[in-house]
Structures are given as structure tokens and as C-alpha cells.
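By written order: A, B, C and D. Residues from 1 in each chain.
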Amino acid sequence: MKTYFPQVKAPIAFEGPDSKNPLAFKHYEAGRKIGDKTMEEHLRFAVAYWHTMKSTGADPFGAATFKRPWNEGATDMERAGKTLDAAFEFFTKLTTPFWCFHDRDIAPEGATFSESVKNLEAMTAKAKAYQQETGVRLLWGTANLFSHPRYAHGAATNPDAHVFAYASAQVKHAMNATKELGGVNYVFWGGREGYETLLNTDMKREREQLARFFHMAVDYAKSIGFTGQLLIEPKPKEPTKHQYDFDAATVISFLREFDLTDHFKINIEANHATLAGHSFEHDLAIASASGMLGNVDANVGDLLLGWDTDQFPSDPREAARCMLIILKQGGLAPGGLNFDAKVRRGSFDEIDLFHAHIGGMDVFAKGLLAAHKIIEDGFFDDFIAKRYESFNAGVGKRIMEGAENFDSLEKWLLEHGEPATKSGRQEMLENVLASYF
Amino acid sequence: MKTYFPQVKAPIAFEGPDSKNPLAFKHYEAGRKIGDKTMEEHLRFAVAYWHTMKSTGADPFGAATFKRPWNEGATDMERAGKTLDAAFEFFTKLTTPFWCFHDRDIAPEGATFSESVKNLEAMTAKAKAYQQETGVRLLWGTANLFSHPRYAHGAATNPDAHVFAYASAQVKHAMNATKELGGVNYVFWGGREGYETLLNTDMKREREQLARFFHMAVDYAKSIGFTGQLLIEPKPKEPTKHQYDFDAATVISFLREFDLTDHFKINIEANHATLAGHSFEHDLAIASASGMLGNVDANVGDLLLGWDTDQFPSDPREAARCMLIILKQGGLAPGGLNFDAKVRRGSFDEIDLFHAHIGGMDVFAKGLLAAHKIIEDGFFDDFIAKRYESFNAGVGKRIMEGAENFDSLEKWLLEHGEPATKSGRQEMLENVLASYF
Amino acid sequence: MKTYFPQVKAPIAFEGPDSKNPLAFKHYEAGRKIGDKTMEEHLRFAVAYWHTMKSTGADPFGAATFKRPWNEGATDMERAGKTLDAAFEFFTKLTTPFWCFHDRDIAPEGATFSESVKNLEAMTAKAKAYQQETGVRLLWGTANLFSHPRYAHGAATNPDAHVFAYASAQVKHAMNATKELGGVNYVFWGGREGYETLLNTDMKREREQLARFFHMAVDYAKSIGFTGQLLIEPKPKEPTKHQYDFDAATVISFLREFDLTDHFKINIEANHATLAGHSFEHDLAIASASGMLGNVDANVGDLLLGWDTDQFPSDPREAARCMLIILKQGGLAPGGLNFDAKVRRGSFDEIDLFHAHIGGMDVFAKGLLAAHKIIEDGFFDDFIAKRYESFNAGVGKRIMEGAENFDSLEKWLLEHGEPATKSGRQEMLENVLASYF
Amino acid sequence: MKTYFPQVKAPIAFEGPDSKNPLAFKHYEAGRKIGDKTMEEHLRFAVAYWHTMKSTGADPFGAATFKRPWNEGATDMERAGKTLDAAFEFFTKLTTPFWCFHDRDIAPEGATFSESVKNLEAMTAKAKAYQQETGVRLLWGTANLFSHPRYAHGAATNPDAHVFAYASAQVKHAMNATKELGGVNYVFWGGREGYETLLNTDMKREREQLARFFHMAVDYAKSIGFTGQLLIEPKPKEPTKHQYDFDAATVISFLREFDLTDHFKINIEANHATLAGHSFEHDLAIASASGMLGNVDANVGDLLLGWDTDQFPSDPREAARCMLIILKQGGLAPGGLNFDAKVRRGSFDEIDLFHAHIGGMDVFAKGLLAAHKIIEDGFFDDFIAKRYESFNAGVGKRIMEGAENFDSLEKWLLEHGEPATKSGRQEMLENVLASYF
């Protein structure tokens, strides 16, 4: 059988921190128990089909630099088939338990909608066979509603109802494919759901269209018995200047406004959070605090560049901050950590895909180990609990119970005088955090 | 009687666009009717006491540069009195109908809370007399819950209930003063309501504290019969890294989560919107679309600098975009346009305050004129209406009525084929907009 | 003869500010004398072939949306020919006197270097004929050393000398073509001359390679008798994270370090200046103050987005600030104003290209008119001259003549005491500037 | 004798990575030999007097929060004396070998220039005694030419020659004090040497004034026999919008233009580099590649905030990248690593100053250890050397020797055909770097 990754003879193995083998894990040990779950169960890593199998290395100033052997063939479908072959070889050699896809990643757009559907169904069948053979599972599917010119002015938020109809029909089949492949989530990223200028836009109307679309999606999922979690992925500024799903808070606001909170959770991407001016940790915390953190697109942006660079995670401290939030909410399942990340344009070779993923997996393994230890030690939890203890009794407790008002609090204040100030100890806490690495 | 602005002998007058008099309005003509209201009624300009009367020119790298004659005197209260004298001289010479203040702007913090209250009450009485004498009205009052060290870790979101009590008592009196002065709004800007690091913060708890605080404020306003509009002012990043009121969408989400939407509207500041990564126009549109745009802090930031520069408005096109949204929602009243803006550190002289405000008022007058004409002409409204017309009948209408689903839309699509794409005509629309200036 | 722009029957004409015809100039009147030159002579507008004729509307998240009729044909060369046909129809209908190109814009990359050369020579001949027929002239040519995968790690700064050789040979022919077409400038934009990570980069070596390359270019120009101005175009961050030509100051530093200042001037692009954290005006002023401002890429970026959006100029005040610097240095010639700008992805139609250019030309016409009037009035020049007058005599004069030192100045100071501070009057000056629009 | 830091009984000691003592070093072991120098000799840590002793916790939205016991006393000079007492207690307890100061940090501005001089001389004498007693040395002195209102429009670049004279006299005495204290460097940070608007600025003139000022400083240093290194510290955007010393490249350009390169080196501050859009490492590399890296202000900015946050270093990987450049240029001496960093506004207590510095010193100790090991291992150096080897022989060698030209290279190319592309291996290299931590 043809191999696309001949340099990698066997699945990537754990060799420990002292290994000099670039094609081995130094920290990720799938079966190692951390608390009550294995590393694999905690992290639920997924490979993103679009970046890993389909990225070309093109950027706004240059052409494709990746010459993938699986991207050769007489027809689109032949190339799609080879790409799927290569993908499952990659997944199994990398040992990630999950994958994710857009409909148009795995099956080419056809000359007509019907042909696109046929292509997708054919590739879904092929992927299903591979899943059964390899044990690799589908974390989520999604529909690409942003690349084709028809979606230039939006999909569900397009001013033309015809495009809305097209998007609806497309999502129907993407959801079908996700169900067929046992996907445990389905994601919506509204790549063009936003506007460029209010000079030609009715924002109120477009947001109502989008809400209608989500309600239809909920209904359709129910009608076919799809029980996976529905997820919305926030992103600001790209590709549409004003995206309706700017960040976690904006998405939550939207879901509340349109009575959708029971049906959706949020997929937080690190690079999207930072483009919105937040830290990754902040947007995770916002989503988690509302009980709505469902999945993580694990990547990192370059904060000195103003666009979505989708780099592989590289900072174990940030991974630990992420894992702290995830562990404290009891894990991400059915969601997981999807490497929505790509190798640099100058990293031409297939082997670079292994380097990149191995690095990302080790970073999150280190993050998991640190986060678990931090929680076990309890130092930070104790510090925080103590800091807020005035709200657990007396006037603080009465405030939160609704038993005080401005008049009664003034009276209390006049008896108690000026409050003492207390250091927040941020530098000391940062030193303690650093000691975990 | 002592004058603080001897260079300005009489109220600033309208002299028309060809005037070379730097101390005259070129475009702002208070009594001119634009549609059914005068310019003054449309724009409802207010002077911000903190910047205009109290700014010192200090910045993080340098000391105060403004040597205001009203800031001399033996005691804090003597200086406060002179400052109020100067303020009302300024308002009447500038001819703005409104002013805005923080409690600690008009009356100094005392040695004890009670003394602070006494100071505030004394200055409120003095201001009331000036209002009656001059006809200048109060657009809004607010409490400064961010400058004093006790608020370093937040006011309502402080981990110490003692500080919460202090803030409550302080707002009580700020609201009393606002009512006494006939203020038509009361504003909350949560300067330190946010967090620096999750290492010492319980975000969920702090947000609940903040909600409790707002509910108490609603109750208190009711208890004293204050009928002005309550407003929340979003701001990201400053002074606390992660502010809970990041932008309009975040505030709306918060108000929805905690059942506060009936009681609050939003005060959008231009420079805060841009620090959050939005255009001024965008955050206005977000607030207005939810029926929650209540007031505007009319300033502008320097997009090449990463902090709140609070400059006076200078772009008539942006003012027009702002006024378009305001006119279309039927005006801002009881809110208005508050110049939350300061002269540059190197603009030492009292006369510079006049130059700055005159420039800002003329910019918004030009913006109002253009916006009114744009609405009268109807070109943009027609363009937009036509762009979305597919949703007014047929499948588009059925979609919005909930009469379609993914299955029925696929069927419709198979009958109708690929949608045609249409240019959004952004460049042409921008040319038309430019023709209004 | 086939027309590609049937909606535009005749050259765009000046119709004055009150015209409602979207396909007319409101302010640009080519033959109108402003001072001692016509508008056309002052502004020297050029169309950028790459954006206007070759842009596809593709972005990092979506496929081409522009379906240009000239981009159809059986072979690359047939399409190239049609594109040139359309280009000269566009230039003449738009009435811009100049155009600019990259070698690979006008002639396709061939299967071998020799074939590429042949293609370029063929298209150069065809363009020359068009130039003679229409009177349209070439502002500048340049070589595309950044799109092809061979240049992924740089052209002159590539770690592989083979690529350096390729780039050299390519520039040779691009310079030949520029000379053949009577180009009055030749531009270098080092799209990939920078680095992604120091982990694999020898920065010192790469900068020396680049200097060598520029010296060879100077020698080659001399050897063929090309007398046009050589220009370097600064840009930060894109497409390479750390570009060696970050901004005007960095380029000037480089030219000084490698003894190249006699041979090059600088081409300032507005959007590149703002990506570097400067205002457009600032980088123009830096280049002009060193006598090195040679050309302007007239566009504008979106300051709320972090990448090169290359929009058409839209702010007459900014255009005026640009023209002030240009007029004061006696004009740009042999350089000009090149619209390095593209229509938005959603502006699909050929006619949108006219709207965009007409808008940009009118903006600069307004800017020229204002700048000329400002200089004639002399208000700002007088203000500035007066502000620095202390350096024209006495101690100030002696300082600049080198006749004072720290000891003598201390002595002078002890005699003269504390200096008085003077307002910089920024707000007043901004009001005066606003009065020109 | 009075102690200001009673919680710290003895000098901070090295206790190793497993210590849980927050007041111990985990990695910094002053006397440990790394290669041919001790950690102390490599790192040459200095405490910044302005932040550590003089910061108040004030920010643009709030008052001082730090209530330092040394900042109490009847007169400015009494407070200055106590502050110096506390400072040397702090230095010796922290065990940093160096300190740095501005003239106005250690001695208050007097009512007249002469009084300011007297104050400075008195405090210099006191500091000298402390230095002799404790062995703590002065890394550098500098003059504060930006805080006082007289410098609002610049010091050397002020439009008023009177202010230029004042700045000259002030620097004279700051240099005297530095010499008296055996300072091994003298720094210029041009806090207000820039402009706000070209409407009132003659940039060319101001830059010439600045050059004149630097030449005078060189002459003065020579005249008094001061042999320390003169340093210029680049910074963009703050406090003046357009600073003339934007970044390392801009400073180098300026020094070249005005024939000053023999007399100055550069002091790179991490947070200034990132505000300019560069990585810390990049600006270090730029300065070092020109032989001009003289000192480092070791801090870090918050890349999600747009101003100078001056936080203590916290990322050992970034410290390693910094130390790699320093080790490769043979160290920084006579320069060092100055903690130009401050504790957060909410970190009220004196003990927080210890936490912050201990954290920063440990971070750089880890960085030094990793950088030393990286250089010893030689992996990256080998990778880079191999990557550029084509320039060591054949056509590459001839190119750099000036023995090729565009014609000869085209001929060579035609013989050798299309170059092969090679992966830059960035992800793999990043994984190797990560393995050092």
C-alpha cells in the first residue's frame, strides 16, 4: 500500500523528556492516568483536515508552496480520495484519537449542488470505512459557508434569500455527513456572517436572519436524530470587518437574545480570542462561567501581527491556564482540543506536519500535568477563596442575598469607616505559577 | 465679578463658514431648525467637568502642565468653589446647554465619608443656584468609583464587601446630587470593575456582585423618585486589563443575563469603541439596534496609539455616521452628546478649551447637517431596501416567518439553481457619502 | 473592436462638485492650473496593474470573486494579451496619465526562465505599441520576487545563492522592460526580504546580501543606460514577519550603512506607514526631510484591521497633508501618485473599478486644492516660523552654530532663569485646517 | 538602624528549584560559573530607582496606591534621604550588584536651578557613601528631561532655545553625578523628543537640534573625563506620538546621519521594542548586528495593551533568546540588565517589590542557563551555517565578493535551472528550543 509519510515508519511514541528523537513525544503519554482519566481522555486531540491535509502555503502575497503527493490526480475526486488516504495514515501515525472537517475539505464542490452532495456522500462512506478500520473518531464536522463567491456577502446573513436557501441545504448535508460519521459535535463558524459597511447593510435584519438559521439547524438536527453538541465559534475582524460573532460574550448575548442558549455551546479558538483583544484564558473563562465552553481550537496567534496566523501551540504556561479552566469544569467532552493550526509557508515538507503536531501535543501535555498539579496543591484556590471570604458572612453575605440596600449599607459604612486595602499579590502568584514549569 | 476667561468677552456666536474668527462657530447655529428640531435640541451638547475643568495635563511621564487660575485657594473647598464659578462662566460663554460631572469632580473627597457627603451637598447647592441663574442643565451625574486607592481592586466587584458597601453609599449620594440638580440621566462607568489576572480572581463571583450592585441602584433610584435614565458606559482594557463592560454587546449580554435590560441603556464613547476593536459607528449601531442607545460620549481616539486619548471630535464624516444612527432612532433625549474629551498636554492655556470645544461642536453640526440631508435624499435607505427585497416575498418571506426548513429549502434550491452574485457597491456608496461634505 | 467596459462610453469627464453622475469627476480637472502646474502635472496619477487588472477578489478565507472577461482564453499568453487590451481601454477611459506593473503581472511565468523572458519581451512590445497609440506613460516597473515558491525564504536574502542568481536575472529583464517602455522610475519592494525566526536566520548575512543586490542593480541600470529613478518601498510585517525595509527610517539607515544613498529614493505607501505604527504623513515627512521622497503609493489602510487592506484613498484631509509635503519639496516628479489599491472582494463588477479610481482621484484633487491654498495663505508656515524664532538669533543661533557648550549654557541659564511655557495650540490649528474643507 | 523591609531579615539566597520559599532564588545563583563568568558577571542586574523606590501606583485613572514609609518626612530632601536609605537596604537584601537613576529620582527639583543642583550634589554624596559601604555599583545615571512642564514640547527639540539651554545645564550635572558615582554608562531617553502634530512642528529643525545636543554631550563627557559608555534608548509613541527615537534602526539611522556612531551605543527595552511592532529579540539583534547593543532594560509589555506596562520579565524562553544574542556578542559589559519594571498598582506592599525582582532574576537566570547550553550544543549554529553554505563557495562566494553581476548571473542561471526549495524547519526548531526548558 502506498505511503505518504515514508519517513515515519511507526506511530509516534512517548520517549520522555530526555529523548533527542524529534519524532517522539517528550511529554504526551496517551495512556498515562492523570487523576481519573488518561491523558488521551483529558486532551481529546483532533487534527484539523483543512489545515493539515489541504493547506497549500499560499498567502496574500504568494502562491502555494506545499506540493503534497496526495494532491495529484486526474480528477478532483481522485485527489480527494488520495487526501483521505493520506489523512488516515497521518492520524494513525500521529496517534490522535479525533479529526475534524469542513464538507468542502473532504469532498470537492461539484458543478451543481446535487453533484456536491454526491461527492460528499461518497467521501463520507470512504471516511466511515477508514474510521472503522483505524478507530479514529470524528470530533466534529462543519460546512464551509465562506469560501465560495456565492457567500461573499454572507451565508445566512446574505441579503439574497437564495443564498440563505443554498446555505441551508448545504448545512443539511454537512450535518448528515457528521451524523453518519458518528461526530460528537457540529460546529458553526460564520466566516462571512458580518458586514463591511453599514452604507449597504441592515444589521438588525441580518442578525435576525442568522437567528432564524440557527433555529432551523436545531430543528433539523432533531429531525434526523443528531445528538451531538452544536457549537458556535466566535471570531472578530476576519474575513468580514465586523463579524456578528466577535467573541464569547457577543455570541452569548446573541444566543440569549434569540432564545438559543439551550441548544448551543461555544468553541473558543485561542487566536480568535486574541484578535478580539482578549487573552485566550479570558474567553475560555467567559464561556466556562456561563456553562457554555464546549470545545477548544488549540492554536496561538502572533500578537505582533494583526491577523489569524493559526500557529501551533507553543507555550506550556498558556496551555496550563487553558487546562485549569477545562479541568475545573469537569472536562470538555464531548468537545476536545482541535489543532486548528498550520505549518508556516516555508515549512514545505510533509514531515513538518509531524514536527508541528508533536510540538503542540507535548505543549498541552505539559499544560495538563501542571494544571492537574496546581489543582491538587490547592494553593491558588485557597488564595482566591480567602480573598473573597468577606462575602461568605455578615454584610457581604447579606449583600449577595439581597438583604441590603444603599441606605442600609451607608449606615453600616458609617459604623465601620474606611476599608483597609490589601495587595493583590500578582507578582508573587506569577512566581508560584512559574514554579510549576 | 472675577472672570476666568477674559479673552472671551461674550458668548461664542455663529458667524458662518467663511468667518476667520477662531472664537466663533462656523457651522453650529443653536437655533437653526433641522427638520423638526433646532440644532441645539438635536445635539444636546454637554461639557464634561472632569476634563474641561479638572484636567491637569499630567500624563504617565510628566507632571501637571495646566496652571488653572480656578485651582488656587487655601482649601480644597475654596478651590472647588472657584472651579464651579469658572465652569458656569465657561458653559455660558460656550453656550452648551448641558454639563456632566463625577461626584469627586465638583466636591473634594473629605477626611471621612461624612465629610465627603457634606462637601458634595454644599457644592450641589451652589451648582443648583448657578443652574437656575444660567439655565444650564445637568445631562448626567456619576460617581467616581475608580480613582481612590480603596477601589484599586474594584468597587462593586471588589473582593472585600467593605468596599462594596463604600461604593453603595457613595453612589447613593451621587444619585441624590443628580436628582437635586434635575439630571436627566445617571451614568455608571465601571472603571475598575474588571480583573488583572485570574490567578487571584473569581470572575463569576465578581460579575454577580456587579449585578447585585446594579439592582440596588435601580431600587434606590426608585425609592427616591429619580426618574432619569440609568446608563452603563462600556470600556475595554483601561484601567483594568479585562473590564467586565468591554463593549456594547458585552454590556447587553450582562444586562440580559441578570435581568436588567428594562432599567438601563448604554452610553457609547467613541474612543472606547475603537479600543475594543470596533468602529464608533458599529457600537452605536449595536446599541441602537437593541433599543438601548441612550447617550454618546463624543470624542475620538488616536488609532495609532493604544490608549484612551480622549481627543475632541474632528471628522465630520464620522459625526455624520453617528448622527445618522441617532436621527433614525428619533434622537438621543434624554441623553445627549457629552464632550468626554480633553485638550492636549501642551495646550496650556484656558483659551485652548474654547478652541477645542468650538471645533468639536462645529464637527457635529456639520455631521448633523449631512445626516439630515442624507435621510431626506433617501438614497442609502433605498439602496439598502432594494438589496434585501428578496426577503419581503416568496421564499425569503417564508424563511423569516418560520415556514421553511432545511429540507424544504433544499427542494427550493434544486428548482432554482445557483444564486447570482451582486456587487455590494461599497466604493460607489463611499463616493456618494463623500459628496455630502 | 471589443470593449471590456461597455458601460463607460467616453473618457471620464470633470462635471464639478454638484454633479450627481457617479461616472464623472467632481474635483479632478486635469488641465486646471494650480500654481504653476496643472492638476495632472501635480498629481501624476498611475493605475496599478496588479490590483486593477489582476486582482481576483480571493482572500485567505475565500476564492476569487471577480470574473473578469479579459481573464478568459486558452493560454496564459492569450489571457495576458486580453488583459493588456482591457488595461489600456481602462487607462484611457479613466484618463490617468501613468501606469505601473510587475513583470509577472503583464506576462505569465513560463515553464523555464527563458520562456518567462520571452513572454515578458512579447508583452513589453505590445504595451509599447499601446503607449504610443494612447499617450499613456509608464511611471514604473518592478519585478515580482515574492509570489513564486522559490522566493519563499527571500529573493536577494535567500539562504540559497541559486535563488539570488534567479532574482538577479529576473530583475535584469524587468529593468530592460521598464527601460523599453520609457519608465521614469524602477521600484524594489522586498516582499520576502526579511525573516520569520532567528532560529534559522543569519540576519547580518542576509542584510549584506541585500546590499550587494542593490549595488548590482545600480551597476546594471548604469550599464544599460537606464536613467529612471531607483526606488525602495518600505513595508513592515507582511508577508514576512520581520521585513528588512520596515519603514522610511529603516530604509534610510540601510542605504546609509551600505553606501547607497546616492542611488535610491523611497516610495512611501500609506498603508505600509500605518502598519509600521506611523501616520502616512509622518513617513512622507521623514523621507522628504532627507531629500529621499520619490514616489507615493496612494492608498489607505483600515486602522482597525491589522493587515494591508490597500483601500482607495478616501480622506481629503489626509490627502492634503500628503500634498503639503509634496508641494513643499517641489513635487514628486519623476515619481507620482500610484493607486496601489484594490476594490473590495464584494465589489464584483468591472464598473466598480471606475467608482474606486474616480473616488481616489477626487480625494487627491481636493487635497491638492486645499494644500495649495494653505501654502498660499501662509498661516501655518508663519505659525511654525514664529514658534522656532528663538533659534534664529542669540543663544539659539549660537547653539546651532556650535558656539555653545554645556558649561556656557549653564551660565546663560543662570542669568535667564526658568523658561516660560507656551501652548502648542494644536486644537486651534486643527480648527484652521478643518476650515479648508 | 531603621529598616524599611523588616520582613526580609537577610539577603535573598539561592535555594534551588524545589524551594517553596517565596523569598528565595530558585535559579539565580550569583557565584555559579556559567562558562567563563559567574551568573552575576553575565547578568549584571540593576534595580531601577524610579520604579522601585519612586513609583506611586498612580495611573491615568487613579491616585497613588503605594504608601511607602520612606516617602514620609517634612521636606523633599528628608524624603529623598529616607528613600536612598531604603534603596540601599533593598539593593543589599536583593543582592543586585547595580542600580540606575534619573537625577530627579534621587534629588528633588528645587525652587531654582541652583537649588536643584545643590540637592543633586548632596544626594550624590550620600549615595557615594552608601556605594562604598555596600559595594553596590552604579550601572548608569540619566537626566529626567520629560516630567517637568518646561519640557512639554521637548527638551533638546523644544522650539524654545531657552529650554534647550536648561536641558543642557541639567544634563551637565546629571553627568557629573554619574561620574562621581563611578557610573559605567550614561543613558539618554528622549521622553519628549518627538512631536504631536506637524501643524506646529519643524521636524527637520528639531532633529538637527537633537544632534547638536548629543554632540555637546559627547564633548562635555570628554571635558570632564567621563569614560562610561553613552547610550540612547529608543521608544515609540509614548509620551510623544511621534518619537524621534522610534526603534533601534531609527536611532542607528540618526546616529549615522549626524556622525555620532562612534560615541553612542543603544539601550534596548523589551517593552519599547514591542510597542514599535518588533519582538524584543529583533531589536536586540538589530542593535547587536551593528555592534551597538550596549545595555538592556529588562522588562516585558502586555501585548494585548497598547502602552508601556513595564512588567517584570516572566518568560524564560524570551530571556534565553535575549541571552543568546548577548552571549554571542561577548556580553553586555559595561552595560547590564536593568529591571526597568514596576509592580502592579494593586501590589501595594513593600514585600511585593521583592517578589517581583526575585521572579525577574530567576527568569533571566533560567534564560542564561538555557542560552549557554544552546551555544555549547551548537545545534542551531550548525543548522544556520549549513543553511547558508551556498554562499561560502562557487557562485555564492563570488556574489558576495562583488565578482558577479546581473548578466553573469543570468548566464549561470541558464546553466543551472530552477532552484530547489528547502523547508525552513521552523516548527522542528521551535520544538528543539522548547526542549531546553
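Note that in this section a residue touches a chain if its C-beta (ideal position, glycine included) is under 8 Å from a C-beta of that chain, and two chains touch if they have at least 3 such contacts.
Since the structure is predicted, the reported quantities are computational estimates derived from the model, not experimental observations.
Enquirer: In contact with chain A and with chain B at once: which chains are those? Just list them.
Expert: Of all the chains present, those in contact with both chain A and chain B are C, D.
Enquirer: Given the two chain pairs B-C and C-D, which is bridged by the higher number of C-beta pairs in contact?
Expert: More contacting C-beta pairs are found at C-D.
Enquirer: Between chain B and chain C, tell me the centre distance in angstrom, where each centre is the average of that chain's C-alpha atoms.
Expert: 39
Enquirer: Between chain C and chain D, what distance separates the C-alpha centroids? Give it in angstrom.
Expert: About 36 Å, centre to centre.
Enquirer: Mind pulling the chain D residues that touch 2 or more other chains?
Expert: 65, 149, 152-153, 196, 237, 275, 277-279, 304, 344, 346, 348, 421-422, 424-426, 430
Enquirer: Using the touch definition up top, name the residues of chain D that touch chain A in the complex.
Expert: 17, 22, 26, 65, 274, 277-279, 303-304, 312, 314, 343-344, 346-349, 352, 355-356, 358-359, 362-363, 421-428, 430-432, 434-435, 437
Enquirer: Taking the complex as given, what residues does chain A use to touch chain B?
Expert: 112-114, 149-150, 152-153, 159-166, 168-169, 171-172, 196-205, 207-209, 212, 215-217, 219-220, 223, 236-237, 242, 246-247, 249-250, 252-253, 256-257, 275-279, 281-282, 285-286, 289-290, 321, 380, 383-384, 387-388, 390-391, 394-396, 399-400, 402, 404-407, 409-410, 412-414, 416-422, 424-426, 429-430, 433
Enquirer: Given the complex with chain C, which residues does chain A contribute to the contact?
Expert: 57, 59-65, 146-149, 151-153, 191-192, 196, 237-239, 241, 275, 302, 304-308, 344-346, 348
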